[in-house]
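The same chain A turns up in both complexes below, where it pairs with chain B and then with chain C.
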Partner chain A sequence: MQMCVDPDGLAGLSWWLCYLTTNTHYSFYLSFGTILILIFLCAPVVMVLGFAGALSRRSRFLPLRTVGLIYTSMVRGVPDIVFFMFVPIAMDQAIEAIRHKVKCPEVTAPIFQGNDFVVCTAAKMPLSATDQWVHEIYGFFLALVAFAIVFGAFAANTLHGALAAVPKNQLETARAYGMSEKQVFWRIHLPQMWRYALPGLSNLWMILIKATPLLFLLGVEDAVYWAGALGASKTQIYDFPHGDWRIWYFSALLIFYLLLTSVSERFFKWLTLKVTREHNLNTDDLSSGVTA
Partner chain B sequence: MKVNNSNLDFDSNATDSESERAAVAPVVCLENIHKQFGSLEVLKGIDLKASAGEVISLIGSSGSGKSTLLRCANLLEVPQDGEIIFEGEPIIWSGSGFSRKPSDNDQVRKLRTNLSMVFQQFNLWAHLTILENVIEAPVTVLGRDPLQSAAFGLELLEKVGIGDKSDAYPSQLSGGQQQRAAIARALAMEPRAILFDEPTSALDPELEAEVVRVIKSLADEGRTMIIVTHDMKLAREVANQSIFLHQGLIEEQGDPEELFGNPKSERLQQFLSATASV
Partner chain C sequence: MSCADTFANYALRAIGIGARLLPKSDITFCEQVVLIGSGMIWNIYYGILAIMTGFFFATALAVARGSERQILSKSAEWFIFIFRGSPLFIQFFFAYELFVLFPKLSIDIPLGFVTIAADTRWLTKAWFGALVVLFLNTSAYSAEIFHGALKAVPKGDLEAADAYGMSGFARFRRIIWPTLLRLAWPSYTNEAIFLFHATTLVFLSSFPAWRQKGDALYYANYLAEKTFNPFVSYPIVAGYFILLTLSIIMVFSLVNRRLNRHLEPGQRSKIKYRPQVILTR
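Let's look at the complex of A and B:
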């Protein structure tokens, strides 16, 4: 805005208008979008990995079953934060190492030199010359994969338990009526699984939302980073000097997360009701059924 | 009502209506069925033949193997030895002993779609409405037209007296209504025979009566049925052949009036006096 060019002369409402529309503030606002993008991109991938893990654990084929078991128990047995730190680094280095082998076959020096990980410039991912935003997207992508792998394993556990919770006689009856194993799974097993999976999945969604500040750990400049940076006291050398306002910035963050979780909670309540409406033994329904 | 009174020895014989049927193989025939769970031998060589229109009641104390025998007929349990012959076509096996299993899936499906099962705990699919329960297998397994199946399904629900419950979910129905819905589901397959596994055992007497009424009307229609039951009245009145199992073997079998009125074996006498006193 034109008037914001000279912030020193501003007061009152126009000072606030200019202060809240600085570039750094826009980055702060965008970081909320990043959180939403992360969780909404993550959720479908988590479900895919969850089903893959759960179904492979149920597989009759031993190697597949073993892979499923290793995946779920490894993630379960290792602190989340370790995984969040490990996966992006490991993936980044794996990708660059492969690119190094392909793009610079003439370089004979080892990739690991002492404590350093060295690849040729052409193997860098993304290339050093690319724009900053490409680096940011790539970093975000690695973070997304880390989230998906960790939460996919939790989802696999939930789904595995839910599949096992469907009463055996429901499946046996389907077989007794000539359904193939595939039909039993798609027509009976899967639809009945949701009511057992939903409480766990909604819990997982909440944990996923609350884990998003970990993006900070992975070098993504997220809302927590900006709240700290913008809230810190600014001396007169800044355009908009102010005292320590972190309490307000973190309050905004608090409200954002509370809103997000409460909306989610309401959604899952509605979904649970929808899924269990039919086959939850409701005492009112039952008694009216008996007298009818 | 008693369609096939005189075949104590299972031989098809004499009367005119039966000579027609004699040309046709029995609907289901079990020969020398052996079934073991681990080291527990539940069935020790049982023969059973259900001809078209015949109603067989299987009685015996808990653990005598009657439910297991019924489940073998539908291949929910795989017998380690013995033959299952559906309309003259024996099930083809692969492997032997505990690894024995039917080798032809199409054959298993044919058997199962033609022998509909009614379970003690009803086992209606909890996520489907009553009508959806009834048309599920005809549509998905037999590939019938959904609309025609729905019309037929409604007819069947009317017939068992719960036409008004077609849109309800199983949990909204009483036990008796659920079991009648399960019978409608069995009928919707237009099976060659219906297998009842203690259909009234989970019901209190009032609800039991409505289910018994439906089963009797099915017997009157000349449907082929095998009924495992603890209800001696049902076993006696509906069946034209009764079989008493004891410790995995057939102890006594024959015309129900004869079997219940004049039991020959000591085991059956004990069993009947014990159940009568309850």
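Let's look at the complex of A and C:
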């Protein structure tokens, strides 16, 4: 805006208008979009991984069943934050190590040298000469993979429970009608599973939302980063000097998350009601024991 | 330096006893195991204290939530909504900024024979400030579990209590509360596990690790940065947490057995560790 060229002469409303429309503030607003993008990109991948995990846990083939068991159990024993910290850096090193082997076969020095991780310049990912935005997208992509792996394991738990919750006699009836195992699964087991999975899946959506600020830990310039950076006190050398306003920026974040979760909660309540009405069920049938 | 020396230097490093400097170069496997293990002291400290204090507040909140008085049930509902509806990570940031703004006051609390000077500056320190946040957070999550269990207490039990002339606190203490705990215990076990996991967030948020006294993940992160190798330190934290999770399950199973001691062994519901609802924050 024209009037914002000289911020020193501003006061009152126009000061606020100019302050809230600086470039850094636009980055702050955009970071809320990043959160939504992360959730919506993550959700389908999570469902795919969840099904893979749940089905492999039910597999008759022992090694596959073991893999499924380990995958579903790992998030119960180990804090998810450990995976969020570990997966991106481990993936980054794995990718660079493979590229190192392929692109620079002439280098024979080991990759782990004492306290260092050394790969040749051509193996760096992304190449150090590339633009800043490529680095940012790559970082976001690594974070996305970490989220998908952890939440896929949570989804596998939920879906495994839901598949086991479908009454056995329904499946037996289907078999008695002469359906093959494939038909039983696709026509009876899977459609019947959804209503048992609904409470778990709605909870999964909530914890996915609530995990998004952890992007900050992975070095992504997300809403938490900008809230801290913009809120920190600014001296007179800045265009818009102010005191320590971090508490207000974090309040804004808190309110954003509360809105997001309460809207989601309402949506899932409506969906549950719809499903129960269609199936003529009592709402209590859906929740297994004590709901939390 | 032998592993025994390392143990002497770093086993209690997280609470400020032992070597002052953290290992910087040529970090051995033994150093990693000992230092990260020392950090577990903080995870266990936060987890145990938050669960033990939160348990009572959560019971009060659940009762308030089910109260017929609008003001009680509404305020409990809002408290639970705010702490369950927002990320714990943001709560830590927000609480820290809030605690920093508090005026520096010192309040004397007379405890009969001694007087403790409670200081608002404690709130900006991780050992107390983060504990307050975790206490409020676990209270909200547990209150939701207890509230669900409270609603599920069989009507017949209450009517029987009425018929015996019990009312008020006696009815709560002797009829409602034991049944509530029995119903809620499997989910509460789950809550306890994920609360311990959530303690790893403390030193990653704005609470400062004073003199590099941090928790297990803080040290694992430090070591991974120093060695450029995440494949050692993070699996060590994972191992420690698997052991911790198994111990929590063991302790909670013992309590579960005591809660259900009036039942035949076959009738006792085994604690289900895989409920539909997962309580990470």
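FYI, the second predicted complex is superposed on the first by the 279 of 292 C-alpha atoms of A that agree within 3 Å, B and C clash if a C-alpha of one lies under 4 Å from a C-alpha of the other, contacts with A are read in each partner's own complex, and residues count from 1 in each chain.
Assume contacts are C-beta pairs under 8 Å (C-beta built on N, C-alpha and C of every residue); 3 or more make two chains touch, one makes a residue touch a chain.
Keep in mind the model is a prediction, meaning the values are calculated, not measured.
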Partner chain in contact with A:224 - chain B first, chain C second, else both or neither: second
Contacts of A:188 with chain B and chain C, given as first, second, both or neither: first
Comparison of chain B and chain C by chain A residues contacted: C
Contacts of A:175 with chain B and chain C, given as first, second, both or neither: first
Those residues of chain A which chain B touches in one complex and chain C touches in the other: 288-290, 292
Contact footprint of chain A on chain B as seen in their complex: 74, 76, 105, 108-109, 112-113, 116-117, 119, 121, 123, 125-129, 136-137, 140-142, 168-174, 177, 185, 189
Contacting residues of chain C [partner chain A, same complex]: 25-27, 81-82, 84-91, 93-94, 97-98, 100-101, 141, 144-145, 148-149, 152, 183-184, 186-187, 190-191, 193, 197-198, 200-201, 204, 206, 217, 220-221, 224, 226-231, 234, 237-238, 241-242, 245-246, 272-281
Complex contacts: residues of chain A adjacent to chain B: 169-170, 172-180, 183, 187-188, 191-192, 278-282, 285-286, 288-290, 292
Chain C-touching residues of chain A, taken from the complex the two chains share: 76-82, 85-86, 89-90, 93, 112, 114-117, 154, 157-158, 160-162, 196, 199-200, 203-204, 207, 209-214, 216-217, 224, 227-228, 231, 244, 246-247, 250-251, 253-254, 257-258, 261-262, 265, 287-292
